[in-house]
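Read from first to last, the chains carry the letters A, B, C and D; within each, the first residue is number 1.
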């Protein structure tokens, strides 16, 4: 078992963790930005699926990943705009809108897969140009360094940068301050002359851009194909991660990493004959447990602060 | 792999042996999943398409992964006067058993299970036998260190979709085949927990590669697309399943374990067209009748050139004979014992 | 509902049908034919109508489960998990206990499913009430755990060992009788309606309901009144879980006769949708649950007997739901007022 | 006199169920303090929200600095120099004081908020008007008085020269009020114009130049301060004469009902942690707890009623310990409690009047049989309370959020007083309610006392404490600094104890 252990916990786990957490991370970022304006965007799942489909299609037909990226973000934007109208202008419950968009995405991408790409189930081809990988020859000499620092997909790195950027924007800029006030207390924002409606709409659009990007990463970065329902709950996991971090990009990222890490460990543990279902549960249980324990500890220390003794 | 527009009912040109009247034979295919899996379901549909070339058919494919839809789809098709309603999955066994007597003038087919009713034809597969060969091939291949990216470690992989009995029937054969070649062979196995998540399949496969496997067998339907992709991306190897997947990523896929579902569905339609349908008949598709087996590895041969290990192919031939003759008895998972 | 709202609903339906029709024409099919098949698929004959009722029951119950948790201000996304666990609990009790009279056996199966569902729901409930752990996060994650767990059970200790991932068939004493054969609609329908009425009465006309609603609306008031907001919140979640478990039990006892691995494709999420469109108003929930059930079974009809591809049918249904949620769409009278009440609306959001 | 800064004429505004303003009228001159008074629900806040662009009037004209304004939103109002401090603070609790102040008007340096510059500017207002605040604290951690000052700085920071203050003193201690008035006067001397809304007529008389009275949404009159008096204003507001000072009979004091023994209770802030607090309340007397808000009174009440844990010491009700029992058990042991904040604890605003009135008798016969609520009996009971306590409107099915503050408070008072318990705890029973309601509530408390109830009254309003209490317990930083008999209590003496001072004559009795 000991030599097995070293096969499970070795340095390749780090790259695997980042790889496994990135799709969820992008979904979480898309959810965070609307949540800061008090909009629970569970349509991320659907937007991602649209994005993934668009990216593959555009990349296949044009051979340009840049164009694919742009188009998938545009599609995300359009879907988000529809959601924004339905929710903000026509007062549809945002959860319903999100779920309807998810259903629509599933059905429509399947339909378009048949119509446009003349296939069903999944679509792959040599003509699909993937997002570039950050490959540096000088790093590839040592296998450890190679695994740790080389061969990242472009958006695995961009994702990490975006966590920091979004954190900065939310907590250090005027825009972020106003956005948070809209989410926390819209009346206060309104009386400060901030147009709450516009602000909410704006972040819906950004969320669409991020969701489109998340989808494109799924189909061109994480893999190089499109499959029906390829998001497979990753958008929902993003929402869960957003709640894990209470809307804070950095804490949410930590949530994603915990999930990614335990998921990767699980993938390796499976090979040793434990019932697969229990292994597959690990990431979910671990995430809940860590969240619960950390909050319980926080509460306990607050209690202590309040004591009069 | 493109299956084109699938849902439309289309008739093809008439062929000699078709029913006298010129009216098309109405065939309904009820799936417990969707087309596009590039394996089991697509394969069943391949057979129907083949039959469409030979006979005058009107075809309806009902897809759904919602269990509560299966029964109502099947009953609706039977009630709508289809000549034959084919259930494509073990999971439809109970449903057909339940309704076959209600629709005594409709004929049913069941693939991958047996229903003993006078108006049902069944087809079963000895996937354990096919997997046995796949396991043997993988076990030999993982020691061919002159092939790029093949390491000296005696580790091979296997990734399945949902952790359900039929996959275990694949798995026992695979393990037995590998151990038959080399008892020290270590077999890493993982289940994705779903047939519908290629990304999860890819992740699991990458994990097995990082643990020393250099060839991984795919038994995961749509999830398997990720398995194959992982092979291509890392320069490692995979084994395809159900359909011939060798060409998906030429040079990355050693062989595919064929499960000739297409042949079964074709046979069922043919029996209607030729009026030879025998109720209660069970077609056992196994190595001996070519119902399961491996591909000829020609794609790999071309990719590897003279590095191609011909001895694997020879050994597979030998093993095939031994299994046929009963010299080797391949184990099966409870519930899948040969009838 | 005022007269205006009815008009609004009517307009929404007409618009949805029109838009869907245009798409169908555009794809080269006959929309009239398609809609006739949709209608037939939902209502024509025992088989189709039964199919609609068969879908209505779990939708109604899971919607109710969601609404009950919403009364205590918990957003229970975990009904799906409770459904699975309830289902497998009922299936187990159904095949492993033998020799009971029918009524008793059914009650035991249902009771066991409800207990299991409520205990499972208590976990996110407790975490939320006592440690302020966000319930949306925990319930999303715990759904996976529940589903994997049932998958383990049905493939290992509780497997029928037949090659299909299912439990052994339940004793006939544990099965609910079918109504409207050959469809699989069953007496679970009456159980569901009884539960609907009971829950409505419980929430609106009893002291328990008063406490539940009170906690959902203002936990501080509840604590001050001595209701113990935290405990009540957990109780509300457990009620929700019990109803979710019941939904699962009726599925296996009425429809399958055994537990089948992964049998629910997200029934509870559709139920949640029904409840959300009804704004968690218990009186409106059966209407919306029926609406969704009709769409679902009608869609099957449309798919079976027209050439319209399933994926397109599904897309049209998603669009129906989206439009149905936009209540403001045809509030013609309100348009003028919109301007003056924008802040009132903002206030109402808080 | 100079030209009018603001002129509002013929204003009408309806909400779904009420006509909030009926032909309303208001004007404002430069450099004046103009008070707006009226009962709860008279339409004062609505009138000012219209001026601030938050509500669009149904009809009427608004003229600001000579411009007729057709459409107005808060942003434009701010541009016209109007600033409003709302009755419910418009502060984002999770943000810092600084962030709240600059929200919407942030100084920037390369896309970053220029906090240094913001701080500098705020410092200017802090110093010029003596507005003490702590910019780096989160709003959730500051006192209401400070929040009030933050709101004022916020409006000044936005360049307001017309300040609307909606009931700014309702939540302030007398000391804080004095300080606020100093600030207002210095603002006025700086040429700013101020609209001041209050229920406290003595304050109005102290600070205003002119006074406008509203009643039931209608404009009644505008008078100069020097031409009027408190009784006259009260009469204009209510439509009849009002008597606040209830004549007091000598108390008929009985047995000890509540005795608090050396308790220690946790608190958010250092000064609100109770340490070693002891006192007694006997039947037939009102014991007033005086103290500056935030010195542990809330903690004390919560500890007695079981809403907060007691860490050390004991609490006895009629000799039996009720320490750390669940709130329900404590209620059943014989304590009724009017909580300090009707909107937080006292009411379920989304419940109907009837549902709110039955909350504490939920499981009692005949209102419930087992778990079934007997709606008929409950309805009868609700109607009785509505009548006895003159709650308006008298429709028991209206939801509580549609009631004016005074009437909402009457629901709480009616529900608790009607329990006829041995001990009644009344925390801030008249905070933010109009003069008519204050009269009614005080009368009710006095009647309960005469009927033999022991009453613990907590109030930040010193005048209220002095006029109702038979004994006064003064708290400072979580400790008792003195207990005085009514006869020996004066505003000065209590005030001194409240700020941590000591009485030299040591005549206090405990």
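The working rule: a residue touches a chain if its C-beta (ideal position, glycine included) is under 8 Å from a C-beta of that chain, and two chains touch if they have at least 3 such contacts.
Which protein is which chain? UniProt says A, C = Nucleoside ABC transporter membrane protein; D = Nucleoside ABC transporter ATP-binding protein.
Quantities reported herein were computed from a predicted structural model and do not represent experimental measurements.
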item	value
Chain C and chain A - chains in contact with each	B, D
Gap in Å, rounded to a whole number, between the CA centres of chain B and chain A	34
For chain C paired with chain D, centre-to-centre distance based on mean C-alpha positions, whole Å	45
Distance between chain centroids, defined by C-alpha means - chain B, chain D (Å)	76
Junction residues of chain B - those touching two or more other chains	5, 163, 193
Sites on chain A at which at least two other chains make contact	114, 185, 187, 190, 275, 277, 280
Multi-chain contact residues (two or more partners), chain C	148, 151-152, 155, 309, 343
Pairs of chains satisfying the touch condition	A-B, A-C, A-D, B-C, C-D
Chain A - residues contacting chain B, complex	7-8, 10, 12, 16, 19-20, 23, 113-114, 117-122, 124, 218, 222-225, 227-230, 232, 234, 263-264, 267-268, 270-271, 273, 275-277, 280
Sites on chain B touched by chain A in the complex	1-6, 34-38, 42, 157, 163, 188-191, 193-194, 196-200, 202-204, 206-208, 210-212, 222, 225-226, 229, 233, 248
Residue ranges of chain B touching chain C (in the complex, touch as defined)	5, 7-9, 60, 62-69, 71-73, 75-77, 79-80, 90-91, 93-94, 99, 102, 113, 162-166, 169, 193, 333-336
Chain C - residues contacting chain A, complex	127, 131-134, 136-138, 140-142, 144-145, 148-149, 151-152, 155-156, 269, 272-273, 276-277, 279, 309, 311-315, 317-319, 321-322, 325-329, 342-343, 346-347, 349-350
Footprint of chain C on chain A - complex, ascending	38, 40, 86, 89-93, 95-97, 99-101, 103-104, 106-108, 110-111, 114, 185-187, 190, 196-197, 233, 236-237, 239-241, 243-244, 246, 275, 277-278, 280-281, 284-285, 287-288, 291-292, 295-296, 299
